[in-house]
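Heads up, the next two complexes both have chain A, just with different partners, chain B and then chain C.
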Partner chain A sequence: MSVEAREARQPWILLSPALTAVALFLFVPLLFILVYSFWLRTATGADQAGFYLDNWREALTDTFYRDILFSTLRIAAITTLVCALMGYPAAYFIARSKGNKAILLLMLMLPFWISYIIRTMSWINILGVSGALNTFLLWIGIITDPIQMLYNETTVILGLVHFLLPFMVLNVFVSLEGIDTNLEDAANSLGATRWETFLQVTLPLSLPGLAAGGLLCFVLGAGTYITPLVLGGPRDAMFANLVFEAIITQLNWPLGSALSLMLLAVLGVLVMIYNRYLGMAQLMKGLG
Partner chain B sequence: MSSVTLKNIVKRFGTFTAVHQANLEIPEGDFVTLLGPSGCGKTTNLRMIAGLLDPTEGEIQIGGKRVNDIPIHKRNLGIVFQNYALFPHKTVAENVAFGLKYRDVPKSEVASRVQAALDLVQLPDVGDRYPKALSGGQQQRIALARAIVIEPDVLLLDEPLSALDANLREDMRVELKRIQSKIGVTTVFVTHDQSEALAMSDKIVVMSAGRIEQVGTPEEVYNAPASEFVANFLGASNILQGTCLGKSGSDVAVETSLFGTVPVPASKASGLDNGPAKLVLRSEKLTLLPPGADTTGMITAPATVETVDYQGQTVRYFIRTGDTQLQAINLIDERPFPEGTEVTAAFRAKDCAALPGA
Partner chain C sequence: MTKKMDNTTRYERLRERYMNGDLDRRSFLGMIGLAGLAYGVQTPFAKYAHAAADQVRFDGWGGVVSEAFREYAFDPFTEKTGIPVVDGTFGGGDEYLSRVKASQEGEYNIAHLSGVFDYARYYNLGLASTLNEENIPNLKFVIPKLVDVFRNVSDGALSCVPYDYGTTGLAYNRKYISDEEMKEKGAKILIDEAYKGKIAGWSDWRTRIWYASLQTGQDPNGATDMDAVWDAIRTHRDLSLKYWTSGAELMSLLAEEEIYVTEGWSGRIYALQEQGHDIGYMDPPNGFGWQECLFVMKGSPMEACEELLNFMLAPETSIAVAEGQNYPPALDPQQVDLGDKIPTLPAFDPTGTLSGLTFADPDYWNGNEAEWSKTFGRVQKGY
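And then the complex of A and B:
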């Protein structure tokens, strides 16, 4: 075998374990789900194999599903925005701090050592009726009866931001780290103030990181089902909760499959739009 | 255009002192080079003039006015960085126009000034391209255009040529000097390359370990080094221990064990008192001749060629006289002396310099 052929083969050899795993554990199950979504759940509770469009008709026409899909996307969008606004300054601080970056990054990663479910549930101890905040407010006498602060959309967003913020910070941090500080010095020396330099140089050059962090937050936020379950009220269900409901509670696998594919398709389209926009941003190289 | 003055500048980073008591006067319109090895404090000085670093002590003046507390964006300086530092997300024209946005330049004038700057650096047609599409040398020209289009009071060049290949570097050296003399801007140039410093500067400031060793014209620092460090940093020198026997006429007599008494011109032996001294003998001035050659007016000693370092146009010999090894860099006439040849090492007393010291 020629050297070229061997070198061309090498990446595929290295990729093959990962490719096998993705094929077996992602694409094959997805295929099952696709097939399932065209089956029919009969009145007896048994699944009828075949090619029926009933589940898709229900998923696409029932306004109940549509409304929850929209509110899921809205919650994900708000979460992403909050993460960007909170995460960017933090990432900037870490990227520009001298010396102790490793410790700051470690602190950022620290929450990942605790289960996401436990972290979500910790808010119950803080915001619950007998939680820390109520106890404190009662103690200093601002309130006389505990307030129910949990189980609404705000706490769902709070929980999601808590979960997703490190992803935003890390992505923005990486792109800020990649910016040559001489560029900022150059802009400064040419007459731009620090704020103008930020707007003209730093922000545009860090947009790819901000966009990547935003995409990650949005997709993970839109697909979440633990957070609304733990921190949301009965009316705060998100789309993934509907899938859970259909498959686990109602044992209606065909409908659940159609719903989950619907969410996948919507997020996939959004990712594609995002990609296209990012490609354009890359072409125009940012805001400037 | 303005003069630049450093008064008793000290810069400390924690317990490390990067610049000790630097005093420097750069006249308006001069091209001054800060020369020294890495870590000598030359870049620290430049960054303090730029306002990118604050001096721990002392005063920096530009055009006679103290600028210590003036932020960088108000100093009106043009800086060219070693790695060009062009904005990758802006076109070449946008890069060059960047500084004009913050000066009250009418929109109609911006384009013509950008074009004039691009013409000056001889890249008139690249305005629409992105920096990435240009070669390293072209990017450095654009960085220069961006720095001079704002008509800065002082132009600061931080090793602008060291990222370029050898040939390109020499072209850019000539180019940079041409542009500087054309616009006449006061220029501070930082480099570790002695040939750049000698070729381009009106004055050279030689620095070592945070201290200014010598300030002078290229000829002065080359011919009459003020310290052993300067003698060795600008070209190669042989330093011989000797004794100063005192002044006689326009010469200072320095006695060495190898060459006897050498009458060094007094202009190149300043600060020398009777007693221990060092004779500085430049390797380029030490000529190897076949035994028996005419050496009238020269000081000589017999020597043996130990090592030959062939460099094409020149050759660097390591020779032994007695128990001392000396270095000689000579032009090659036909072919170099082979190793082991007995030769006569000869030099003229007027080519030597002398330094005080044990």
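And then the complex of A and C:
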């Protein structure tokens, strides 16, 4: 075998374990889900194999699914915006701090050591009628009766921000770290104020990180299931909850498969748009 | 004398051939690698395969119920027989059925199922085993009516043993709602504007439809005006703080005074009362009664499962579990002395006829399941 042929083969040999894992654990199950989406659920709960378009017709034409999908995208967009507004200053502070970056980054990662469900449920102890906040407000006499703060869309967004904020901060931090600070010094020496320097130099250069963090927050937020279940009220379901109900409660795996592929397609289009204009490299840096 | 052929001997012979030059280095390393691969792949799965035959998997409702099962049934059973019982939990029968459907035969063994309608669903989906009743002599202590309803579904055979019963009645905080008010309003208190934001309900479509039937003055096993039922569910939804999804959440919402009234499981409410919370419990006329069974899945290790069921039905075990989980056992009080605590539990029937409880009609509920579970999913979300 020639040296060129061997060199051409080497990357594939190194990639083969990862490619095998992706094929076995992602593409094959996806293929199963795709096949399932064309089956039908019978009255007894058993599945009827075949090629039926009923589930897709229902998923695409029923306004119920469309409305919940839009509501899900809206909640994900608000969450992403809040994460950006809160995460950027935090990332800026960490990136520009001197000497204690490692500790600050460790603090940022600390929440990941606790289960996502536990973190979500912790808000019940903070915002509940008998929670810490109400107890404190009652104690200092600002209120006479507890305020009902839980189980609405706001608490769902709060729970999502709590979950997703570190993803935003990390991505923006990586982006800010990559900016040559000499550029900021140059802007200052040319007469720009600190605010102008930030607006015209730092912010534009860090936009790829902000966009990568935004994409991650949006995709993870739109696919969430636990947060609306724990912190939402009766009307605060998101699209993933519909998939859960179709598959678990209604035992309608074919419809659940069509719905999950529909959500995947919508989020996939967003990722493709992002990739078209910003590229996936920035996202990989943030994740790394 | 010939040397015993084991893996070490095989390796030594292989190594000797390699050292003698009979085997090139690539082949030697390749064979070692293949042996390692075969061992690595086989070992973990073999472990599960061996374990599957030597243990019983049991799935139940979690919380105080699972704790009672573990303490009073599984641990003593393992101590006596040496058969380990691995217990898992689920939040509801639908969720569990979905898991079973996704699993391989034999992966799940025994489930603490609720209602004859669930038994019928599992049976109709071909998931039922057939018990050898000769291996379960303690079945004779069970209330005959409870056994018969299961036999009727499965053509005279049994795939389960009845284990306990209870009700889904009205639970209320006595600090805010009096016993007199509850008696006066009954199920309609769940759609009373006065308690807007302090009402909750189980996210189970059957329970919602059952209570909406009561609120609209209809037979819960034969509602004729479903529009009125859905309207009542919508009203309840709009007045509710949230739908709870587990017994633990139900107890937390009541204990933390997030809500004042909801329907609740009799045993869980009794547990709250035992903890000192001033929570009242009332079964309205035609309240939701249910019986739970220990259902054995097709493909399970039958002898071990039957031995466990017999152990669990023994009066001393059954009474201890019942006192722990706060649900009356399926044992016939006319045959077995149930002690002091059980007669005080909600829903307990000293006659053993259970004539005071209204159970779900499996044909009615399973016949409408596909349509109603789907419609409820929509109504729940504001439609």
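As a convention for this text, the second predicted complex is superposed on the first by the 277 of 288 C-alpha atoms of A that agree within 3 Å, B and C clash if a C-alpha of one lies under 4 Å from a C-alpha of the other, contacts with A are read in each partner's own complex, and residues count from 1 in each chain.
In this section, a contact is a pair of C-beta atoms (placed from the backbone, for glycine too) under 8 Å apart; a residue touches a chain by one contact, two chains touch by 3 or more.
All of these numbers come straight from a predicted model, not from anything done at the bench.
After superposition on chain A, the partners chain B and chain C are accommodated together without colliding.
By the touch criterion stated above, A:A192 is placed in contact with chain B alone, chain C being left untouched.
After overlaying the two complexes on the shared chain, residue contacts for A:P204 are found with chain B alone; chain C is out of touch. Counting residues of chain A touched by each partner, chain B versus chain C, the larger count belongs to C. When both complexes are overlaid on chain A, the residue A:A237 reaches chain C alone and has no touch with chain B. In the superposition on chain A, contact is made by A:N182 with chain B only, not with chain C. Applying the stated contact rule after C-alpha superposition, one finds that A:T20 touches neither chain B nor chain C. For the pair chain B and chain C, the least inter-chain C-alpha distance in the overlaid model is 48 Å. The intersection of chain A residues touching chain B with those touching chain C, taken from the two complexes, is empty.
Per the touch definition, chain A reaches chain B in the complex via residues 180, 182-183, 185-194, 196, 200-201, 204-205, 285-286, 288.
Chain B makes touch with chain A in their complex at residues 50-52, 71-79, 81, 83, 85, 87-90, 94, 98-99, 101-103, 130, 146-147, 150. Of all residues in chain C, only 92, 94-95, 97-98, 101, 121, 124-125, 197, 205, 237, 240-243, 245, 252, 256-258, 369-370, 373-374, 377-378, 380-383 touch chain A in the complex they form. Chain A meets chain C in the complex at residues 41, 43-46, 64, 68, 124, 128-130, 148, 150-151, 229, 232-235, 237, 242, 245-253.
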